[in-house]
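Multiple structures follow.
Next come two complexes, and both contain chain A; in the first it sits with chain B, in the second with chain C.
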Partner chain A sequence: MRAVAVGLGGLVLFAAFSAPLVLAPYPLTLLSLVCIAAILAGSVNLLMGQVGLLSMGHAGISAAAGYGVAWAAVRDMDPLIQLAVALGVTLVVSLVFGLMTMRTNGIVFLMITLALGMTVNGLAQKLSSLTGGQNGLTGVRRPPIVADQGAFYLLALVMLLVALAVTYGLTRSSFGLTLRGVRESEGRMSSLGYPVARAKLLAVICSGLMAGTAGVLAAWQSEFMSPAAAGFSRSAFAVVMVIVGGTGTLLGPVVGAGVVVGIEHWLSSYVERWPTLLGVVLIVVVLFARGGVVGAVQDLIRRWRPGDRGGAAPPGVPALATDGEAVVMTGPGAQAPAGAGKEDL
Partner chain B sequence: MSLEQFALQTLNGLTFGALLFLLASGFTLVYGLMRIVNLAHGALYLVGGYVAVVVMARTGSFPLAVASGILAGAVLGLAIERLLLRRVSGQELPEVLLTVGIAIVIGDLCLAVFGGKAELLPVPAELTGATRLGSVMYPTYRLVVMVVAVVVGAGLYLGLQRTRLGARIRAGVDDREMASAMGVGIDRLFVIMFALGAGLAGLAGAIGAGLLTMRPGADLDILLYALVVVIVGGLGSIPGAALGAIVIGLIDAYSKTWFPEFATFAVFAPMALILVVRPTGLLGRAT
Partner chain C sequence: MGAALPVDVPSSPDAALPGGVPLPRDVPLPPDAALPGGVPLPRDVPLPADAALPGGVPLPRDVPLPADVPLPAAGHHVLRLTGVVRRFGGMTAVDGVDVTLAAGERLAVIGPNGAGKTTLFRLIAGELRPDAGTIELLGRDVTRMHAWRRARLGLSRTFQVANLFGRLSVADNMRLAIQAGRPSGWRSLRPVRGADDVATSALDTLAQVGLAGRQADPVASLSHGEQRQLEIAMALCTRPQVLLLDEPAAGLSAGEREMLRRLIADLPRTLPIVLIEHDMSLVFGLADRVMCLHQGRPVVVGTPDQVRADERVQAVYLGRSTHA
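Coming up: the complex of A and B.
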């Protein structure tokens, strides 16, 4: 099983890296968008899967980073300086997100992040001296090395792999364990002497840096920044990606990003009401397939392997106990059939 | 800035606060009883507004337009609670995710049905003039909005404190399980409450359509304000929603006049401050 998974993974990676040799610019653009969306969804998933915090404002962080790059780029600054500006903006915005939410959880966390994301959106619209207001910032140029769409796609792909590796490392670290402890029982963790608020703050900043990476890439990809990038729908779509792909799984956000970008950019030429379709997909997944695509595949694999664990694992089994699959399952309800354990947002 | 201008901005702030109260009271009532953060609340507002505009254009009757806005919100709310939310009752995360999905769907379908252009509800002739208040002239319609908010607020408060249904609702807010054990039909209360909250959103939309335009995205703009109002005022509290709405309405009006570039930020700053000083909101109860 492990060999099959590794072989399959290697094949996918090989195909992903050789795509620029065979594909036209437009499909490459789509693939770049999938990579970028997957990084943003991964940042949302990091908080949701590990700490159990659902952010509805992450597009605000990524858009802030994008505005940082765009602001510097339209002033003809060096790409490194663009990145430094973006990093600074990202850190400040994530710090605000983290400081304001570190003593909250559940619904209040969600509401504050939603409000913060929309505040970024509002600032982007009104603070026209920096952001260009409703018209946005045009004339952002990619750094010359990645001006070609194939080269840019490779950059986005590598950044996605880095993000996945960092996420994987984080989930396996003691910090990841602390975060999951906070998810399961915040009171117990703080009685044990863990600095819960600080752990949450750090988690939000880590996740924010990832979202910022997506924002920088998005600004370079479209060579344009507008307030819509920080809008509610962008944040909501990132959440849709996580839920549809499979909360708390490593590859779920990638799959979800593929689905959402596919609907938004490809299916939208055939279906005019694609946002409705996205909304319906989200509703259906929440009602009937709590584990998302990756969760469903894992269920299938488990059923297909008789005698291994005897059908679907009972709810409540620590997700990390199942090794062998190519994905880490660390989220609540990542494998439980009816999404048991997911109630504790 | 002259005193007249200041008075005018204060009245504008109070008008907007009145609208925010209508919206936030429904939001906070639903949260208080059902623990559902209804992110489709803005979408229900938008539907109420659009329906009012359409009915006004067809019939020319303002009361009928407002009534159908309320009805549209309430019926939609009823359907959402019965068909979707009920299936995941008591599970915070799936509930809120469903409302996100609903918000996306309603927002997009509104765009499909009502188009992308901004719609304003034509106010009937008897409400279009201005009324003299001391030394300032102020649009009558805006004063009516304030009166409606006060009447609705008083009605909600009295309804919760003085009626049998209100007592049941308060019991449900305090302790859902215990109330249920004492024979309060909690399921039916949930439907009533969600429909009431959605109807209030529809009312806010119908009334608001005469003040602000209904357009794609208006649902989300107003949702942000409603969120900030309930965070500032305290989740689940009607007096909190009233206080929060007035505070945020005034701040919004003043900041839009004095430093327009930071208007959004000015609304957000008190929210940040409150969260640090008093995380449960001004009048919220510790949970």
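Coming up: the complex of A and C.
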């Protein structure tokens, strides 16, 4: 089983890395957008899956980072300086998000992040000397080494893999366990001696750095920044990607990003009301596959495997899950891993 | 062991001074009290080897201490509440409670439902702030201190309604309890390992509460009684210096209650415990002192025998059973 998973993973990676050799620029652009969206969705998933916090304003963080890069890029600054500006902006915005939400959870967290996302959107329109206002910032140039779409796609792919590796490490660490403890019971965590607010602040900053990475790549990809990047719908799509792919699973955001970007850019040329289609997909997933696509696949694999009912989780399958929740799912009284995200909706 | 001095040995509840004057009970000694001639009071006098509790019960000696728990300074109170008041809207849930807990003492808080017992715990633990009064823990004023900081000082509690990490395994629940007091920083980025690799101390504690071999199970699959056992195991894992148990026996079968009674009785005698229990029968073997709360006010504080004999306590309980 494990061998099959590794083989399959290797195959996908090989295909992903060889894509620039065979694909035309437009499909490569789509794949780049999938990678970027997957990083943003991954940052949302880190909070949703681990801490049980649903952010409706993450596009605000990524757009802030994008504006940082774009602002520096139109002033012809070196790519490293662009990155430094983006990092600074991301840290500040994440800190604001974290400080304003660290004593909240559930619906209050959702509302504050929603408001903060809208604030970033509003600032992007108002601070026109920095952001170009409604017109946005045009004339952003990618760093020369990734000017070619194939090269840029490879950069986005590598950054996605880095984000996945960091997420995996984080969720396996005792810090990750702490975050899941916060998700399950804040009261118990503080009565055990954990500074819960501090843990949530750190989680929001980690997640924000990831969202910022997506924002930098998005600005370079489109070579343009406008307030729409911080719009509510961008934040909402990221959440939809997480739910469709599978909340709390490592690969869920990637799958979800594929589905959403696919519907948005590819199916939209055939179906006019593509957001409606996306809504239908979301409803189907929420009703019939609460673990999202990845959760459903894990269920299938488990059902197909003979002589493996209950007991300790097999090492192969939970490699897909970021937090060992597969252990829970194999037990009696099985429980959908998307539970946390659902409650917060 | 000096800490096992029989404090509060029950004298017969009706003992009185000549003339019917009741015996002064529980008078705290001033710390600077001295014998005539300035000779300091002999404190912590070693007990003769054959000393026994009334009824020939041998004194619990050489109770093993968990290896690295520092003892609270002898002779000090570990917990002191002064005039603690807490209101909810117009209702006063805790109404001027004064109580101290000495090092190594076991205090039971009894009282009918709604008496304010849990609210008192939440005040001590820092989940609620008192409207009036002060709370001292291990010699520090913690009245305004965060719950998690009080926990780091050594306060540990269990919850009346099991408050566990439901979708995590038993092992992860124990891990969270163990790693709680540890300094975090970069080391918290190290991976935690599988279910079989919990610290041996955690495995011992699990076995002690009757959950041996269950570490891979998700908490949601545990029975009610097992969840209560895990509650206690987690509270013990944090190496507490003061332990608060909120109705640990609630909803347990007779057999489980007996097991729990023995578990508490076997805890190190140096560990001060406050035990909430609204069934009086469980506390009698366990507590050195009993406080009966009614409508947020301590009605009677005394030895188990005194409290059992006190008609005000009986009235409180009878009053409850007529309207419950």
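The rule we apply is simple: the second predicted complex is superposed on the first by the 310 of 345 C-alpha atoms of A that agree within 3 Å, B and C clash if a C-alpha of one lies under 4 Å from a C-alpha of the other, contacts with A are read in each partner's own complex, and residues count from 1 in each chain.
The rule we apply is simple: contacts are C-beta pairs under 8 Å (C-beta built on N, C-alpha and C of every residue); 3 or more make two chains touch, one makes a residue touch a chain.
This one's a predicted model, so the numbers in the text were calculated from it and none came from an experiment.
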Which superposed partner A:Leu282 touches (first chain B, second chain C, both, neither): first
First (chain B), second (chain C), both or neither touched by A:Arg188: second
More chain A residues in contact [chain B versus chain C]: B
Partner chain(s) touched by A:Thr104 [first = chain B, second = chain C, both, neither]: first
Chain B versus chain C as contact partner of A:Ile36, first or second or both or neither: neither
Which of chain B and chain C A:Arg273 touches, first, second, both or neither: first
Which of chain B and chain C A:Ile205 touches, first, second, both or neither: neither
Touching partner for A:Thr178 - first (chain B), second (chain C), both, neither: second
First, second, both or neither for A:Val85, with chain B first and chain C second: neither
Residues on chain A lying within both footprints (that of chain B and that of chain C): 339
Residue ranges of chain A in contact with chain B within the complex: 54, 56, 96, 100, 103-104, 106-108, 110-112, 114-116, 118-119, 121-123, 125-129, 231-233, 236, 239-240, 243, 272-273, 275-276, 278-280, 282-283, 286-287, 290, 339, 342-345
Chain C-facing residues of chain A, complex: 169-170, 172-178, 180-181, 184-185, 187-196, 311-312, 324-325, 327-328, 331-333, 335, 339
In the complex with chain A, residue positions of chain B that touch it: 31, 35, 37, 39, 84, 87-88, 90-94, 96-98, 100-105, 107-109, 112, 220, 223-224, 227-228, 230-231, 235, 260-265, 267-268, 271-272, 275-276, 279
Chain A-facing residues of chain C, complex: 125, 127, 146-149, 151-152, 156-157, 159, 163-169, 172, 175-177, 179-181, 184, 187-192, 195, 216-218, 220-221, 234, 238
